[in-house]
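Same chain, two partners: chain A is paired with chain B first, then with chain C.
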Partner chain A sequence: MSAAYQQAFERFSGTLDRGDRDRRQARFERFAGAGFPGPHEERWRYTDISGLAAREFALPAAADIDLGETLLAGCDHLVYVNGYLDRTRSTAAALHGVAAAEGPDDDGIAALNAAFDGGGLQLRLASGETLPRPLNVVAAIAAPSAPGMVHQRHRIELGENSQATVVFQFAGRGGERLATQRVEIRLAPGARLMLYRVEDEAAGGTLLSTIQASLARASTLRAVTVDCGGGLARHDFNIALDGAGAEAALAGLYRPQAGGHVDNHAQVVHAAPHCRSRMLFRGIVDARTRAVLNGRVVVQPGAQKTDSEQRIANLLLSPRAEVDAKPELEIYADDVKCAHGATVGRIDETALGYLRSRGIDAGQARALLLRAFAGEVLARIGLPALRAALNARLGFPAEEPIEP
Partner chain B sequence: MATQETEIRELMKRREYGAGFVTAIESETVPPGLSEDVIRLISAKKGEPEWLLEFRLKAYRRWLKMTAPQWAHVQYPPIDFQAISYYSQPKSHKAGPKSLDEVDPKLLETYKKLGIPLREQEMLAGVAVDVVFDSVSVATTFKKKLAEAGVIFCPISEAVQEHPELVRKYLGSVVPFGDNYYAALNTAVFTDGSFVFIPRGVRCPMELSTYFRINERNTGQFERTLIIAEEGSQVSYLEGCTAPQRDENQLHAAVVELVALDDAQIKYSTVQNWYPGDEQGRGGIYNFVTKRGDCRGARSKISWTQVETGSAITWKYPSCILRGDDSVGEFYSVALTNNRQQADTGTKMIHVGKNTRSTIVSKGISAGQGQQSYRGLVRVLETAANARNYTQCDSLLIGDRCGAHTFPYTEVRNPTAQLEHEATTSKIGEDQLYYCRARGISEEEAVSMIVNGFCKEVFKELPMEFAVEAGKLLAVSLEGAVG
Partner chain C sequence: MLEIKNLHARVEGKDILKGLDFSVGAGQVHAIMGPNGSGKSTLAHVLAGREGYEVTEGSVRFDGQDLLALPPEERACLGVFLGFQYPVEIPGVSNLTLLKAALNARRKRNGQPEIDPADFLAWVRDRAKLVKIDPKMLSRGVNEGFSGGEKKRNEILQMLVLEPRLMILDETDSGLDIDALKIVSDGINAMRSPQRATLLVTHYQRLLDYVQPDRVHVLARGHIVRSGGPELARELEARGYGWLEAA
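This part shows the complex of A and B:
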């Protein structure tokens, strides 16, 4: 472990009050002890981040970067640049806060995040409350001169039968960067959360994100995630269906840019009966990129009448690309319906030929087919502004209304 | 063939020693423990050439540096490798039961249900009787027929003496000495196993089976099998037998290597029914096996079929390295876990050559408190243009205390590859059971019928007579799982 982490921690903790400093000191020591996971660990078999230990990251200074059209229209905003709250651009600045990390850390990364956590979204809804507008949380990082790192922790707690829509956008530009983002979600009975997570980390950046969710009786979590960056991104979803009738639907699309490496590890634990889970992941993997998808459904003893499905489909477009997929099932109950499937293939030549025979040139035909393939996931995005932005970012032809 | 006869005579002689000179038998057994000296001793006792001893020692030194793998979805207390005796051949029969009266009545009941003749029952239960005489004539006829075809089929220790050039060329060429923890251990201490060589263009005139190899009875826990099919040859090999085998060994770490050259075909079928332990999970075999086939030549084909119903813990992944262009790999498996059995089994298909194809059909049945895992890897390298894979893994759950797990790995580096993976998990349908019961079929029979239907795709890959037995075996193994 490079000394830079220790130095960064000393500088950071010097500004804190004593109780907080001690709490974080313990977390930091845990991180120093555990370090980053290595490729010999089964969960990190395809993504090697052990090199991060030798890097020399510091907490970056505040900066102003051009967010372009990142901010979504029709939403409330909470904007972070380099981990600092950007009050001028945040219309929902009141939702910012720091909450002390609870429970033990799962691994070195969680401990690192807890030690340096600079705060983030703290959304709490009372029973029956509905968030009036979608909430757009943007966490951007730019490290123009020295290597910089940002660690944030967000919490969403929805009371009984409350509803919210939250969009997380994680982006990074500039020099060498490391970001850890942790989202903790707790849904009370009947609560409904629509969650979007967009990752656009440019080359040079590493994003390690974790979405931890616990769902009580009859609550629903719907999530759509999109990866379109050229850096290294690793996302862990740990969703626990703790109450009967809870439902989680996870849809993800990944199309890394050249040099990009995207690793999604999605785990759903069925801990109660009559729960439903859906996972749909689609990947377009082109030259010099690598995509990893690990789906895992665990049905605990007693979680009867579980209904779960994992569907993974990949288009591999180049001999210089790699896809590693692993849809796992662990089942300890017998009255369950669990299906999973994974495919890897290329663009259907017949479909391409069909379009070309109708006068559509090869490039456009290809783009149309890719859009159709990705559409299965993108169509689940209920915010038109976000869907249009992603469509453009992913290089798909604009959606045109069909003429009657 | 002469060698076989000598062998039998040898075997008989040793038996007599067992009856007459107790000390002589004891000198054949090395005290528990593993060290370079033990390996040198094993090698010396077998009169092995220097290169083989070096090979063993190299593996042992590598093994010392390795740690036991933890990734499998199985649980067992750590194995004390110093408590195992690594050379005891032939196994001392005085430790075995003297007659069938001393054998566990449950085992006998199972034999009866499988319809195994009395003589065979004695052999399987390890009773010290002269069963060999029945088989001598059978074995020699087979030997003659095989020799006419130019097929070599003998114990691997004999092959080391008679065909050192072949053994040296191929041994460890598919499973390298340091491949994994248990393969390294096997390489260091293997005592015996089968050697098969099918020369160019020969279609082996009969199914080869360890069952007919009378000297194969107590191969011990570190078995080593090497099968080589030269250009254009074909062979079907069957290992194991359907009756539960009484065995006092806890750990079985075997290595099987298959080599198929251009246009050659190897079909390897396994029916594994080692002692699974009792209902409480006491005893039973740890079956940690490395099996790998190398489709070295173009248009070669290796097909694995396995029916795994025994062992307390099964941990094996019969694999194919599809190196030759247009080569084909197949894996058909039925694995059953009942009571407290655990199985983590599957396959690896490594696509290297162009237009290589692989098929995986895995059926897992879990009952009682059994834990069943399918773990499979399909890897397509950059060079494997137009590779195809189809994987289907289905699990059947019987009872609410068992587990069925699936860990399918796919790693693809070529855009022309096409991979499909499908899996389902279900329990025996109430409606199916009800339908059978309404037609006067007992519940146990109905379950057995449904399970047989579930496994049909795999059973049809087995040689005929074994398919029938495998069906019976499943029924017996599932007894008490319902109701």
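This part shows the complex of A and C:
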């Protein structure tokens, strides 16, 4: 481990009060002991981040980043730049806070995140409450002059039958960067959360994100994730269906840009009976990019009447493109319905030829076919501004109004 | 308008067309008939520029331009339209998206701005009426879940919307019941004009009862074995292809 981590921690903890400092010291020591996971670990086989240990990151200074069109219209905003709350652009600044990390750390990354956590969204809704507008949380990082790292932890707790829509956008904008983002979600009985997670990490950056969600009885989590960056991104999305009748629907699209590496590990644990889970992933992978998708469903003893489905489809745009997609299933109950499948294919040349025969040039025809492939995921995005922004970012033609 | 000279073409290493010569003038309808495997569909695809069809000899000129030198999308923008024998299903790309993209590709090539969305919808709705296609179907993926007859009508709809100058219809009549055949023929006839030319590729004379050709060419084993007027089609209907293939 480079001495830079220790130095960064000393500088950071010097600003904290005693109790906080001690708590974080323990976390930092755990990180120093565990380090970053290595490729010998099965879960990290295809994504080697062991090199991070030798890097010399410091907590960056506040900076001004041009967020362009990143902020979504029609939403309340909570904006972080280099980990600092941007009060001028945050209409929901009151929701910012730092909460002491709870429970043991899963691994070195979680300990690192807890040690340096600069705070984030703290959303708590009372029973029956509905968030009036979608909440757009933006975390942007730029480290143009010196290697910088940012660590943030967000928490969403929805009371009984409450409802919210939250959009996380993680954007890296140049320089050598490391970011860890952790989102902890607790849904009380009957609560409903629509969650979006968009990653656009530029080359030179590493983003390690973890979303932990625990769903009580009859609560619902719907999530859409999109990866469209050219940096290295690793996401762990862990959903625990803890109460009977809980439902999780996770849809993800990944299309790494040139040089990009995206690794999604999604796991749903059915810990209670009568729960339903859906996973749908679509990947578009070109040469000089790498995508990893691991979908895992675990049905614990007693989780009878589980209804789960995993569908993974990938499109390779080049003979040299590579994707590692694996659905996994572990079942310890006998009265369950679990389906899973993964496919890897190429663009449909017959369809391409048909479109071209109508006068549409090859580039646009391909873009239309790619949009169609991605459409099953993008169609689940209920925020028109986000869908339009992603269409543009992914190089797809704008959508047609469909009213004949 | 269309001049084909000594056309030889090969598919998957196999010579299919072995020297075709004929011309279609503006305002004319020519029928290409012949038994299965004679090269009719190959001719249609070679003219449209489908990949995998290799022209080994000869030339094709469209309004004096070397058609074979152009990629399929440019041929289409020039006004060449191929009605497919087996129209392709493209889930996720709606019929409207295809039509609009195709129309705008032509406009772009002609230096025109993109079509106004309201004008576009009105135009498509108007054209859909001619082939009795419910405009609601046009929001669905291209040919997605369409019956065989609907697919063929949809080809004709695309033709009516795009208003090509050379219409090549590859067995558009196959698999149609009599009502659908009538709709399809009406669509083709609606497009006939002194500025347009039509090439009907067909196995049967049936379509020619509804769309009167000016010339009929019979293709066998990659050659045109006979050319004549509309009466040749009727003779084929009565006698079959055997007598010509043997010749």
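As a convention for this text, the second predicted complex is superposed on the first by the 401 of 404 C-alpha atoms of A that agree within 3 Å, B and C clash if a C-alpha of one lies under 4 Å from a C-alpha of the other, contacts with A are read in each partner's own complex, and residues count from 1 in each chain.
The working rule: contacts are C-beta pairs under 8 Å (C-beta built on N, C-alpha and C of every residue); 3 or more make two chains touch, one makes a residue touch a chain.
Note that the coordinates shown come from a computational prediction; the quantities given were computed from them, not determined experimentally.
Using the contact criterion defined above for the overlaid structures, shared-chain residue A:Val323 touches chain B, although it does not reach chain C.
Judged by the touch definition given at the top, the superposed model places A:Leu67 against neither chain B nor chain C.
Of the two partner chains placed by the overlay, only chain C lies in contact with A:Pro397; chain B stays clear of it.
Residue contacts after overlaying the shared chain place A:Ala203 against neither chain B nor chain C. Look at A:Ala388: by the touch rule set out above, it reaches neither chain B nor chain C.
In the superposition on chain A, A:Lys337 contacts chain B only, with no contact to chain C.
After overlaying the two complexes on the shared chain, residue contacts for A:Ala93 are found with neither chain B nor chain C.
Once the two complexes are overlaid on the shared chain, A:Leu355 sits against chain C while remaining clear of chain B. Residue ranges on chain A touching chain B, taken from their complex, read 42, 46, 301-302, 304, 314, 316-319, 321-346.
Of all the residues in chain C, the ones that touch chain A in their complex are 48-51, 71-73, 76-77, 82, 84, 87-88, 90-94, 96-98, 100-102, 105-106, 117, 121, 124-125, 135-136, 138-139, 141-142, 158, 162.
Those residues of chain B that touch chain A in the shared complex are 71, 73, 380, 382, 395, 397-427. Of all residues in chain A, those touching chain C in their complex are 348-351, 353-362, 364-365, 368-369, 371-373, 375-376, 397, 400-404.
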